[in-house]
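Take a look at the structures below.
What follows is chain A paired twice: with chain B in the first complex and chain C in the second.
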Partner chain A sequence: MSIANLTSRRFLLVAGLLLLLLVFLATFPLYTSRSDVLVLTIILMYIILTVSWAMFSGSTGYMSLAPAAFFGVGVYTAALLFSEKWALLPLPAVIVIAGIASFVLALLVGLVTLRLKGIYFAIFTFGLVVLIRQLLVFWELQIVGKRGQHVIAVSGDTVYYVMLGILVVTLLTVYLIRRSRLGLAMQSIGGNEEAAAHMGVNTTMVKVLTFGISAIFMGAAGAIMATRWIYVDPVIAFNVFYSFMPVLMAVFGGMGQLYGPVIGAAIFAYTERALRLQSPYYYMLAFGIILILVILYLPGGLVSLVPKLQNKLAGLISKFWKGGKAEQHANT
Partner chain B sequence: MRILEGRDVTKSFGGLAAVSHVDFHIDQGEIVGLIGPNGAGKTTMFNLISASFPLSSGEMEFKSQKLNGLKPHQVCKMGIARTFQQVKIFADMPVLQNVLVGAFFGTPARVSGSGAAQEASQALDFVGLSAISATPAKDLTLVNQKRVEVARALATKPELLLLDELMAGLNPTEVSEAMGLVRKIRDRGITVFMVEHVMKAIMGICERIMVLHHGEKICEGTPQEIARNKQVVEIYLGEEAHAGS
Partner chain C sequence: MNPTIVWIVISGLMNGGIYALIAMGLSLQYGVARVINLSHGEFIMFAAFLTWTLYTGFGINPLLSAAISGPLLFGLGFLIHRTIFTSLRNRSPSPAAFEGNSLLVAFGLYFVIQNVALLIWGGQPRAYYYLFHGVELFGVTFVVNNLIALVISVGLGAAFFVFVARSRLGRAIRAAAQDPVTAGLMGVNINFVLPLCFGLGALMAGVAGLLASMCYPISISMGMNYTVIALIVVALGGLGSIPGSFIGGFILGLVGSVVAHWQPALSMVAYYAIFMFLLLVRPAGILGKA
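On to the complex of A and B.
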């Protein structure tokens, strides 16, 4: 069998599995409880945050702690445009505007800060989250005179389907970027930024643009979560937790492949949920231990297990296959 | 015809003038050497030409176009490519991907995927790395990593190639191979400007040599003239000769 044939068969297999998974996710609310749908909604949200974080930070090596800022901007866009007092726009428009608002913020921040290297960039982006939060607190308390905003409630299933839609768009975009010239440029920046610039890569443009693209999905996810929370205030919306979780989840899953952050976020978010319910006091401890173990023994993340498992599996199958053949011979 | 010309080129870091008031030019099709003791300002000179940082004063022209105020990626697209003294490869990427970066982004025109792939594989072929194009660059030996840098630079289709100590750290066989490679590059019509410490190489292939000392150009001429120049022998070759004995 030719290699082209094999790869196309592999492609069909992967595409088929993905389609099955999508059908499963799309029909999930039909045969499960409302609380299960909520759990899955939150898992999808973390996958969106993690995949978009890894798209930028994983490939360029610029460690951004800004996800909470972009997520929060999305939340507050919904709070202002989809408020209980005035529903200015339909939900889809609010989601799109939230994405655009985060994109614009990321472009502005990127232009100012992406010349900072390493730890300084991380600190600045972290500061951004706190800065915006405090500005909003000030605005609400001093100018509006009332803390928090009420957002129009949307059914759990709607929230779930919108989140799923955002996830599909995110994954498609990231998949295409990774395979494009832009993806190669980002990778070269992560490899050696100076060399990349001298090979003709407009490093500033590439960094600012991809930082902006990654922020779109975070903002969109924030907007739809706001309709789930109903009441939001700056502390809820700009929770630094949403900056650290994507980093942890991406490291946990492994950043070399697109599916690394997906698997990392899915498993991480699910176990976090389960651990929190079972032992509310010790779940952070258990969490920390799992993380340390992964970083110590699987520096490439969970996905680095895949090739090892594949080899083992292939070994087992060929053994089984040969065994079966021998049996056949014995029978004839 | 002058391909690169610098007038009163000066760069100071704080109070220290790394390069001061240097006038120079490179003619099309030449192989020009730049030598000088450590700290003479040779790499700074390359960094100025490739726009790693701006000039403090003076000006430079490439094919009669001003280079002042340009960014590194713009200089590259104009047709000046470079390699680095300390290799700066994309370590985790396969060799071919390294070269593809140059092929995709190094030219002013938008390159198609197949065009870039073709350009990259030709460049790899040219430096003799076709057989290991799928190997991650970090797994290569130093000499091969330097070849990756050359291939990557060639893939940007330069008219002027800046080679920063291509031969440093190579053994004698590798040095003569590298000398052959530099001649081959020039025979393709690419002008070469090289910083080098390996005297055998610089004397063997350069048509003209400039000598920097404490950031100033102290002399310039054919290899024979440089070798006979008293000042050069004193400050530079003299040291080498003592070190060698």
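On to the complex of A and C.
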């Protein structure tokens, strides 16, 4: 059997599995309760945030601590354009506009900070969430005179399907970027930025552009989440928690592969729903300890275990195989 | 003198004193130990609550309780660096990789410290009154504990500056800041000096937390704001420059009090405006080398 044949067979296998998974996800609301759909919606949201965070920060090495800012911009775009006062636009348009708004914000932040050393970028993005929240609180209290906004409610199933749609688009985009010249340029920046610049990579352009692209999906996810929350205020929308979780989840899952952040986010988001209500402090404490241990002892994340396990398994199988053969020899 | 101006300047210096302390601490941790310590504010919060417990629970004078919380915070910082960050440093292939990983570990510490504090003290904000009476200065009434906080932070900052500039250990710290590997070759015990710097950073955070608890109400979530401010001041003063952080802290405190006089909700916005302006005009900071 030729190698091309083998890879194409493997490709078909993966594609088939993914298709099955997608069918399962698409039909999920038909045979489960509404609360299960909500849990899965939140898991999907975390996957979107984590995958888009890892796309930029994982490959370029620039630590962005701003996912909550882009997520919150999405939430507030929905709050302004899809409110009970004036429902100006249909939902899909609102989501697209939320994505664009986050994209523009990311471009502005990127243009100011990404020309400089990575540390400035981390510092700036770390406080960006607090900054926008303060500005919005000021605006609502001093100028509008009313705290918080009401968003038109949308059915849980709609929220779920829109979230699933955003996730599929996110994964496809990230997959394509990883395989494109842009993806290679990002990886070379992560490897050695100076060398990348000497090779002719326009490093600032690549960084700013991909930072912007990663923000689009966070904004879109925020916009649809707002319709689920119904009431939003700056403290709900710009919660630093949404900045920290994607980092934890991506590091836990491993950023070397596309599916690493997906797995990390799925596991963490699920356990969060299950455990956070019962004992939140112990849960978050364990979170911190796990993060430290993973960075110290498993720098590649959970997915770095896969090849190791594969090797072990292959070794075990070949041992049995050889053992069996040896036995046959002995019999003849 | 115009009382409004006196009020703005002195209250700015009071805030600035605390900012200068936390920024000097972070400057040590980042400038020398190369740890972008996102959990810096959590050390401040922890010390603030510790002081509160010692005062309200055991009746220990907040100023004297520094004799307990200071060594405790220093030991904690020293141990954390000696165990976690030293082993991380040995495992990291390059200084840049260490910086990235140390940021993530600090992030984990943020969760650990905050939730340990929540388990001990619960979620409600606290406050106590100590030396809470007015004193007149240039025709304006100030609270005594605020003025004491200012004096202590200036004194401690100056003492620390002399220590780094003059003492033998200070010279080792400066050498390690320039190049840890070469400093190690010159006989500086890097595995002692780097944890020492991290511990001293935690100590400064501890004193700042003590002073903050004396002057303001405290809450478990207070750390984050201090971390953001410390990061901005460190960038303002120049990464790794200790006098820069000291001066930068006071500058930020003054700007904050001017803005707060006019519109209290916008002080963080003003800090950011300064930070952005600086990034565009002089990214190396006021005293940093480009």
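Couple of notes before you dig in:
The criterion applied here is as follows: the second predicted complex is superposed on the first by the 307 of 332 C-alpha atoms of A that agree within 3 Å, B and C clash if a C-alpha of one lies under 4 Å from a C-alpha of the other, contacts with A are read in each partner's own complex, and residues count from 1 in each chain.
We take it that contacts are C-beta pairs under 8 Å (C-beta built on N, C-alpha and C of every residue); 3 or more make two chains touch, one makes a residue touch a chain.
Keep in mind the model is a prediction, meaning the values are calculated, not measured.
Look at A:T60: by the touch rule set out above, it reaches neither chain B nor chain C. Residue contacts after overlaying the shared chain place A:L116 against chain C, while chain B stays out of touching range.
Looking at the shared chain after the overlay, A:A185 reaches chain B, while chain C stays out of its contact range. Using the contact criterion defined above for the overlaid structures, shared-chain residue A:Y281 touches chain C, although it does not reach chain B. Residue contacts after overlaying the shared chain place A:E194 against chain B, while chain C stays out of touching range. Within the superposed three-chain model, A:T227 lies out of touch with both chain B and chain C [touch as defined at top].
In the superposed model, A:T41 lies in contact with neither chain B nor chain C.
The larger set of touched chain A residues comes from C, when the choice is between chain B and chain C.
Judged by the document's definition of touching, no chain A residue lies at the interface with chain B and also at the interface with chain C. Within the complex formed with chain A, the chain B residues making contact are 50, 52, 71-73, 75-77, 81-82, 84, 88-93, 97, 100-102, 104-107, 152-153, 156. Against chain B, the residues of chain A that register as touching in their complex are 181, 184-185, 187-188, 190-192, 194-203.
Note for the complex: chain C touches chain A at residues 30, 36, 38, 84, 87-88, 91, 96, 99-101, 103-105, 107-112, 114-116, 118-119, 224-225, 227-228, 231-232, 235, 239, 263, 265-266, 268-269, 272, 275-276, 279-280, 283.
Partner chain C is touched in their complex by these residues of chain A: 61, 63, 112-113, 116-120, 122-124, 126-127, 130-131, 134-135, 137-138, 141-142, 240, 244, 247-248, 251, 281-282, 284-285, 287-292, 295-296, 299.
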